[in-house]
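You will see two complexes here that share chain A, one where it goes with chain B and one where it goes with chain C.
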Partner chain A sequence: MAALVLPAALLVLVLLVAPMAMLFRISLNQYSPTELMIEALSPENYLRAIADPYYQDVLATTMGVALSCTLIALLLGFPAAYWLARMESRWKSLAVILTLFPLLVGNVVRAAGWMALLGRDGAINAGLMGLGLIAEPLTLLYTRGAVILGIVAVVAPYMILTLASVIEAIPRQVEEAAANLGAGPLTGFRRVVLPLALPGVAAGSVLVFILCMNAYATPVLLGGPQFKMMAPAVYDQFVKGTNWPFGAALAFVLLVVTLTLTIAGSALLARRSRRG
Partner chain B sequence: MITRRGALATSLLAGLPGLSAAQSAQVVVGTWGGDYGDLLAGNIDKPLLAPRGTEVIQDVGPQDPRKTKLIAERSARRGSMDVCCLSDVDMFSMAQQGVFEPIDEARVPNLAKAIPSLKRPYSIPHIYSAKVILYNPAKVTAAPQSYADLWDPKYRGKVGLVDILHLQNMETAAIVAGGDHHDYEPGKRKLMELRSLDVKVYPSNEALAAALKSEEVWLSLMWLARGFMWKKSGIPVEAAVPSEGATSICFEMAVPKNARNREGGLGYLNAALDAKAQGAFADRMGYAPTVTDATLPPDLARQISLTPEQQAKLRTPDYEYIARNQVALIDFWNKEFKR
Partner chain C sequence: MGTLVLEGLARRYGATVAVERVDLDVQDGELVALLGPSGCGKTTTLRMVAGFVPPSAGRVLIGGRDVTRAAPHGRDTGMVFQSYALFPHMSVGQNVAFGLEMRKVGRAERERRVTEALRLVRLEGLADRLPRQLSGGQQQRVALARALVVNPAVFLLDEPLSNLDAKLRAEVRFEIRALQQRLGLTTLFVTHDQEEALTMADRLVVMDRGRVRQIGNAEALYERPADAFVAGFIGRCNLLRGALESPGRFRAAGGATLPCAPGAAPADSVLALRPERVSVETRGEGLPARLLAVTYLGAQTEYHLDLGGTKLLAIRATPAEDDPRRALAPGDAVTVHWSPAEARLLPALPGDLVEEAA
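This part shows the complex of A and B:
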């Protein structure tokens, strides 16, 4: 039976572990403007990545945006997932396809759409000015809000579908029993549905949080030049600064922080779900 | 005696040079897409190289990934490009990493007609322009004279810069601060001053064009060629050549050392210096020819080239200084100026 895992394991080994090992080796090298990098075994790049207030800020922004997006996606996604899971009409499969529909459009194309909506001459400003509600166009594009909006739109389908599959597995009778015993809809949700859906909340949040931490196209296009998240910062080091060692170190810092927060978050939710 | 096996072997051997000739007739050009790529195809690839049996394949992409590709392939025996197009600053820094074949003028005969100050040992100059001030003539009634006019408090919030031109913006600030293009340090203070005057930073040339069009900003630093193109497309801008002297920008081409078809690559470089092909880039993109035998219609020449006095003051960026300090300069731009 173990042999069944072999092809996938080999693929992961070749395509993920090997390049990661190479990247880690590069992160210990020294940057040189004339020779790209000098072989070394130095923690210097990591120390700089951790100690530099600028990158602390970038990391804090990244975590802040990722947490906000995960929370918003969860709050917006739960009711939609519940509705989808409990749907009995023949339109259900259509509703699932519609939920997936945004994923058919690439992130860059989607961001271009947001730019057309949020820009200074965009549809929203034009509409508000046309109605005489504002005299000067509002700054909507190139803000943190625009980035959060854009990312939530990207990740919401992942959250909804993960939650829906877990909610679907909660027997309807359990909810009916709660109602029979006098629980109102809110109590029923809080004491029965939510605790049983916690594994879905955990899975959906982890998935979405990881996607948010690594977001690239949306922050670059909707955040503008003054807004920095980690993935664009890593790209800048590799491609614009040609500082591969430092870029590699930043990539590992991002990986370790994402991994730590993900593990801590899931452990917390797992404990709650056991208790509940 | 000719045996069947012998005949087969002979024909196979005879076939081999044919095969390699077919391969050597293909040249892969790493270039920008859009107008530039179209003009290469329409004025170099099809009219000049196709009749000679050379098939040109464009590897289209932005400049930064192309640089990364060069570096990543540096130790590979065979690279993916035969010709690499980069702007002058990046071409120099890549040449320092030793990735390019030295240019042998005997193998690129058209190089003899190139403007001498634009020639480099590792590349050919393809098209060039100068960094000028673009302004909205309806809002800025007196044409700016000097780069320093961008610091005039009456233009608070109305000056826009492009993020990707951070080195060029820093150079200008250094010149305004009384320094020069050999040391950008004095410019840092001056840039922070511009920041306190609410300068706007746009992610791309296209974003700046949109802001100039909507009159969100009235003044900017940009290539004369871009100003020409934008004006043609209806954006309200005029160009002013600063009294301090404009700085040149040259888009260059080089052949990587590990090119599969080095000869073909050098042939491509030679074709790119063809006078007629150069004229097409001037007409559509506003970049001045780098060869002395290209003649432009007088009206076009007036719009895209400098006067002899302005030309005499034209600065070439200090590539050596930039290559040495690029990382620290980008750090300042990102961490302090843009913060």
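This part shows the complex of A and C:
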């Protein structure tokens, strides 16, 4: 049996562990404008990434956007997931495909669509001005809201499908039993469905939160040059600034923060679901 | 407690009729079983009473109140589900207390009634367990306690014994009946198991393909079945196709002429004759028959007979060892006899499964 996991284990080793180890080694080196990178074992890149107010701000923005997106995806996704899970008609597989539809379009193409919709001369402004509701175009694009909207649209399918698979496993009779004992739909949801769906809430939120923390194309295209999140900041260091050691350190800061928040969040939910 | 009245209750799904029309009066404290093969509409009927399936026509009255349009949580029924449907994330005590909480019963009173209900189903001391830590039989009793504790106007049981093993089933059957009688619960019980229905119910409703075939107590259904379906479904029965030759004489499809109860034969009629009412002798008065097979079943013996081309099953108490009938073997000639009143002419609806029991 152990032999069966060997190919996958090798793949992970070659494609994940090795590059990460190299990246970590690079993050301890020093940057030189002339030689680009000097071998060293110094924590200075990490100290800068943590202490620099600019990068503190970038990290705070990233966490704020990721949390907002996760929360919105959860609130919007739960009713959709419930509806999908309880669907019995022959259209169910079509509904699943439609849920996945946003993922069939690449990030850049999708962002271009949002730009056409939200821009100064975009469809929304043109429509509102055409109706005479506004005189001046609204600033919709290159805002935090635009980024959140764009990311939620990408991550919602992950949330919905994760939740739906967990809700599907909750027997309908259990909900009926709650109703039979006098619980209205809201009480039944709060006391029975939600507690039983908590593992799905945890899994979906973790998955979506990680995706949001590492979003790249959407913040770049919908947030504009002034809006900075961590993944684009890492890219800037590697490609524009050619400062590999600092870029590597930023990448590890992002990794550690994401992991910490993810673990803390799931531990919290796990405790809640145990308490019932 | 109260009464339950179903008036012309029907449910259609598009062109498919799940329940054609059910009229039923369940008296205060009465246990009525809905009995029938799978797909007969019995569960749909129960779910219409609970409020999970909206009826296409008809009314449901609980304690005189029309609840046809009421939501499930406003009906005051206590249901035990086939799968028990316990809340897996709540302890046994929390499961049982749920209905009381919904009814805003105070904490002290709640605890008292939960303890009382668990004692009633002999689960005292298990209040802190989770459902998955209990055996199937214990989970079933938690489901009972959870439905009973709220004192519902109508108690609904959806095949509550089908997930238990045979030995436990007989035990729980007796327990539920005793509990139901002691508490005077007005109960509607769904089952496909005729033995279960016959032993537990005050009255039975036999259903088939969405239609009520007959309502009555066990004896009425067995002795005076309304049609061939009921005769074949309740107990075993010889059901013979043929036509009335003259009053009291029925010519079966196989060729034999058999004595039967006097009276006019309905169109499409069959002759229904219970196998244990057919006596088998080695000689004497009666119709000549040839033995096709003999099956010894301990207390009883089955005789598969051929009456000049018509097959007939007889079931008799196994004869004593010195009785000549004990030695009967396939191929032997015998004479058979029955009281003509036992052979009834019954209507058979088109599509009814009419098969010879032999």
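To be clear about the criterion, the second predicted complex is superposed on the first by the 276 of 276 C-alpha atoms of A that agree within 3 Å, B and C clash if a C-alpha of one lies under 4 Å from a C-alpha of the other, contacts with A are read in each partner's own complex, and residues count from 1 in each chain.
Criterion: contacts are C-beta pairs under 8 Å (C-beta built on N, C-alpha and C of every residue); 3 or more make two chains touch, one makes a residue touch a chain.
Here the structure is a predicted model, which is why all the values come from computation and not from measurement.
Three-chain overlay on chain A, with chain B and chain C fitting side by side and no clash. Taking the C-alpha centre of chain A as the vertex, the lines to the centres of chain B and chain C open to an angle of 150 degrees, rounded to the nearest 10. Of the two partner chains, chain C is the only one that A:Ala178 touches; chain B does not reach it.
Residue contacts after overlaying the shared chain place A:Val192 against chain C, while chain B stays out of touching range.
By the touch criterion defined above, A:Val239 lies against chain B but remains apart from chain C after alignment on the C-alpha atoms of chain A.
Between chain B and chain C, the shortest distance over C-alpha atoms in the superposed arrangement works out to 50 Å.
Across the two superposed structures, the residue set of chain A contacted by chain B and also by chain C is empty.
Note for the complex: chain C touches chain A at residues 50-52, 71-73, 75, 77-79, 81-83, 85-90, 94, 98-99, 102-103, 146-147, 150. Remark: chain B residues 64-65, 67-68, 71, 74, 93, 96-97, 163, 201-203, 210-211, 214, 216, 323-324, 326-327, 330-331, 334-335, 338-339 touch chain A in the complex. Those residues of chain A that touch chain C in the complex are listed here as 171, 173-174, 176-184, 187-188, 191-192, 195-196, 273, 276. Against chain B, in their complex, chain A makes its touches with residues 31, 33-36, 54, 119-121, 220-221, 224-226, 228, 236, 238-244.
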